[in-house]
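Two complexes follow with chain A in common, the first pairing it with chain B and the second with chain C.
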Partner chain A sequence: MIRLNLKKTLKSAGGIMALDLQLTIEKGQFVTLFGESGAGKTSTLRMLSGLLKPDSGTIKVGETTWFDSHKNIDLKTQLRKVGYVFQDYALFPNMSVRQNLEYALQKNQDRTIIGELLEFAELGELEQRKPETLSGGQKQRVALARALVQRPEILILDEPLSALDLKMRIKLQEYLLRVHKKYKLTTILVSHDIGEIVKLSDCVFELQNGRVIKKGTAADFFGLNKTSAKFRFSGEVLKIEKEDVIYVISVLIGNDIIKVVSDRTEANDLRVGDQVLVASKAFNPIIQKL
Partner chain B sequence: MDWQPLVLTFKLAVVTTAILFVISIPIANWLSSTRSKIRPVLETLVSMPLVLPPTVLGFYMLVAFSPENAFGSWLNEWLGIRLIFSFEGLVVASVIYSLPFMVQPIQAGLSSLPSTLKEASYTMGKSKMTTLLKILLPNIKPSLLTGIVLSFAHTVGEFGVVLMIGGNMPGKTKVASIAIYDEVEALNYAAANSYSLILFSVTFVILLLVYLTNGGYFKRFAQ
Partner chain C sequence: MSIVCVQVDSGEKFMSVVIDTPESAPYMIKGNKVNVLFKEMEVAVTTQKELDISIENRITGNITSMEEGVLLSRLVLETTIGEVIAIISTMSVKQMGLVEKMNVMIMVKLNEIILAP
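So, the complex of A and B:
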């Protein structure tokens, strides 16, 4: 179990923000931090991994105290052994894929894990390549494999898939789930993508202005339990058009644009750019193999 | 022609560059990562030789190192080192004089690396030293090369500081730039010309090699 109790004054582009949050994360959970840019998500991850020092508070992981401002405990990043996947991947440009992984080996650690991870991440053919020659998805797989070399108990993913196209994202989401289960990790993800969050996480925390404003399972969170629909997709409102007495709302779901009819009261609640759930239960869908 | 001044010049430049390389890496690393309040002061001190007339630097070193004064006599009595009118003195003076030419490129190189590189290394349990040697320095090779070559070339071209603190002692402190001045004073233009031509060609070739290497011309040629 990870218990965070953090206070930190952050200076960001939008001015000064007082971060003050309490979080409890169960061991083995896949947890997502959700919220607007500048809400304090990345800072929370950085404080957990020791890259940023809180002004006050405590960080407890299992029975060990990593940080306690009253007892003057501040475990070095190097000793916290957190697997951290950075948004820009942070692959070492001077090393090949294999060397990037080997660098992460601990003293006297069994080297067989390198081969295992290269195979698992389907990087075998790329192992001699330098990071600059890899595609975004390949870099992401290297970064993830490298973070796992030291067998961390906690894996931190800071918007790991935001720079990738949809197809690659879906593939890597499945890959993240497999990794999470196979290595029995406690995984903490920062993400803006609702589809991704619903697919991956056990538990979601919404952050706003440095505070946790909402907590729950992904289904609770995005209102999925309110409907008994068998069909539901989340998407983004692109356009709201009035046609006679009804409104036609264009929603982007994945790469497809879907038009949904709505009445005036519903349409008044919606703005272009809103994340919405499109659900239906009263019809029988046709399914065809492509 | 007397080759001694040229040999002495390049010996001085090699020794100075080697010492500068070793001491500049920790200084540049500290300057590029610290948020300390004394950082601007230290940056100013490192950069001073860029703008200060070499004679000013030479004059103060002459005063400080003179056995007549406290520091100079302490060096002389306790360590048996005499920094005035000696090769060792020239080395110390050159190190101070060329410091910005080594520190600034390395500092700029380190600052240009994304901070996630070293953070990633720390999360893997690697020490600051390991991170510096295995991750940071190998990724700023062009900056290291620039630093080495600029300080080498700058030491070769040194005149004012050497004249003030080293004087003009053949085999000890008479470097090429001083020898040229000496020959011109003696109206011996032919000798002055041969020294000058050699310095001109050598520095041209060194700098050209740096620009070719850092511009990637050799890599493209090899492909």
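So, the complex of A and C:
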């Protein structure tokens, strides 16, 4: 179990924010921190991994205290068992794939982990390549493999897939789930993609102004369990057009755009960019073999 | 699969067919509160109260307002279950001679009713 109790005054472009956060994450869970930019998600993760020092509070992981401002405990970043994956990969450009992984090895650490991770990430054939010759998806697999070299207990994924195209994102989502299970990790994801969050996480915490304002299982959190409708998807409103007495709402679901006819009572509540649930009964759609 | 009978606050009964069963959906317990949802486009309107037709859910109501479009029209109806919106073709509105204050019956097939626990 990870127990965070953090206070930190953060300065950003939008002014000063007082982060005051209590968060408990069960061991082995895959959780997502959700919320607007500047809500404190990345700062929280940086404090957990030791990259940012809280003004006060405690960080406890299992029975170990990583940080306690009263007892003057502040475990070094290198000693915290955290793997961190960033959106921009943060690979060393002058090193090969294998060297990027080896760089993360601790003194006297068994080197067999490198081969195991290269194989698991299907990077064996690419191990001598430099990052610049790799695709975005391949780079992110290298970054993920490197984050696992020190056998972390906690894996932090800060918008790891947001720079990738949809096809690669879906492939890597499955890969993230496999990594999470195989290495028995506690994984903390930052993501804005509701489809991705629902697919990956056990639990979602919403942050706003440095505080947790809502939590729940992914399906409950986004209201997906609120109807008996089985033909349901989450997506983003792209366009709202009035036609005759009705409205036609275009919604992006995955990489498909679908259209939903709606009455003004619903259409008036919607704005372009809103995340929405689209649902119909399982009895309605037709199905045809292609 | 189940057919669920829901009594709404005004006493009217709604039937819904769902692919869930009480085993697959814990909310399906007698006496449990659910919301009943249906789409405005799925509401049929008739002036004949004794229609022999395979539409299970029927409620009478008065047309309180009507917005006629070129192809479709939006009817607001005052019923015992509250305000119901029906979107039907302007062709039907004209053919049936629907006007405000008229008493009509609205009908929704049971496969169009969504239950929201």
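Operating definition for what follows: the second predicted complex is superposed on the first by the 282 of 290 C-alpha atoms of A that agree within 3 Å, B and C clash if a C-alpha of one lies under 4 Å from a C-alpha of the other, contacts with A are read in each partner's own complex, and residues count from 1 in each chain.
Going forward, a residue touches a chain if its C-beta (ideal position, glycine included) is under 8 Å from a C-beta of that chain, and two chains touch if they have at least 3 such contacts.
Every value quoted in this text rests on a predicted model; they were computed, and no experiment measured them.
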Item to check | Clash or fit, chain B versus chain C on superposed chain A | outcome: fit
Next on the checklist: Once chain A of both complexes is superposed, is A:Leu166 in touch with chain B (first), chain C (second), both, or neither?
Outcome noted: neither
Checklist entry - Touch check for A:Val272: first (chain B), second (chain C), both, or neither? => result neither
Next on the checklist: Looking at A:Met1, would you say it contacts chain B, chain C, both, or neither? Reply first, second, both or neither.
Outcome noted: neither
Checklist entry - Once the shared chain is lined up, is A:Ala104 touching chain B (first), chain C (second), both, or neither of them? => result first
Checklist entry - Touching A:Thr77 in the superposition: chain B (first), chain C (second), both, neither? => result first
Next on the checklist: For the three-chain arrangement built by superposition, which of chain B and chain C touches the greater number of chain A residues?
Outcome noted: B
Checklist entry - Where does A:Ile257 make contact in the superposed view: on chain B (first), on chain C (second), on both, or on neither? => result neither
Checklist entry - In the superposed arrangement, does A:Asp88 touch chain B (first), chain C (second), both or neither? => result first
Next on the checklist: Tell me the contact category for A:Ala18 with respect to chain B and chain C: first, second, both or neither.
Outcome noted: neither
Item to check | Spatial angle chain C-chain A-chain B, Cα centroids [nearest 10 degrees] | outcome: 150
Checklist outcome for this item: In whole Å, chain B and chain C in the superposition are separated at their closest C-alpha atoms by 45
Next on the checklist: Let me check the overlay on chain A: which residues of chain A are in contact with chain B and also with chain C?
Outcome noted: none
Checklist entry - Which bits of chain A are touching chain B when the two form their complex? => result 49-51, 76-84, 86-88, 90, 92-94, 103-104, 106, 146-147, 149-150
Next on the checklist: Could you list, by residue number, the parts of chain C that touch chain A in their complex?
Outcome noted: 16-20, 25, 37, 40-41, 67-74, 85, 87, 111-112, 114-117
Item to check | chain B - residues contacting chain A, complex | outcome: 114, 116-117, 119-127, 134-135, 138-139
Checklist outcome for this item: Note: in the complex, chain A contacts chain C through residues 225-230, 244-246, 261, 263, 265, 279, 281-284
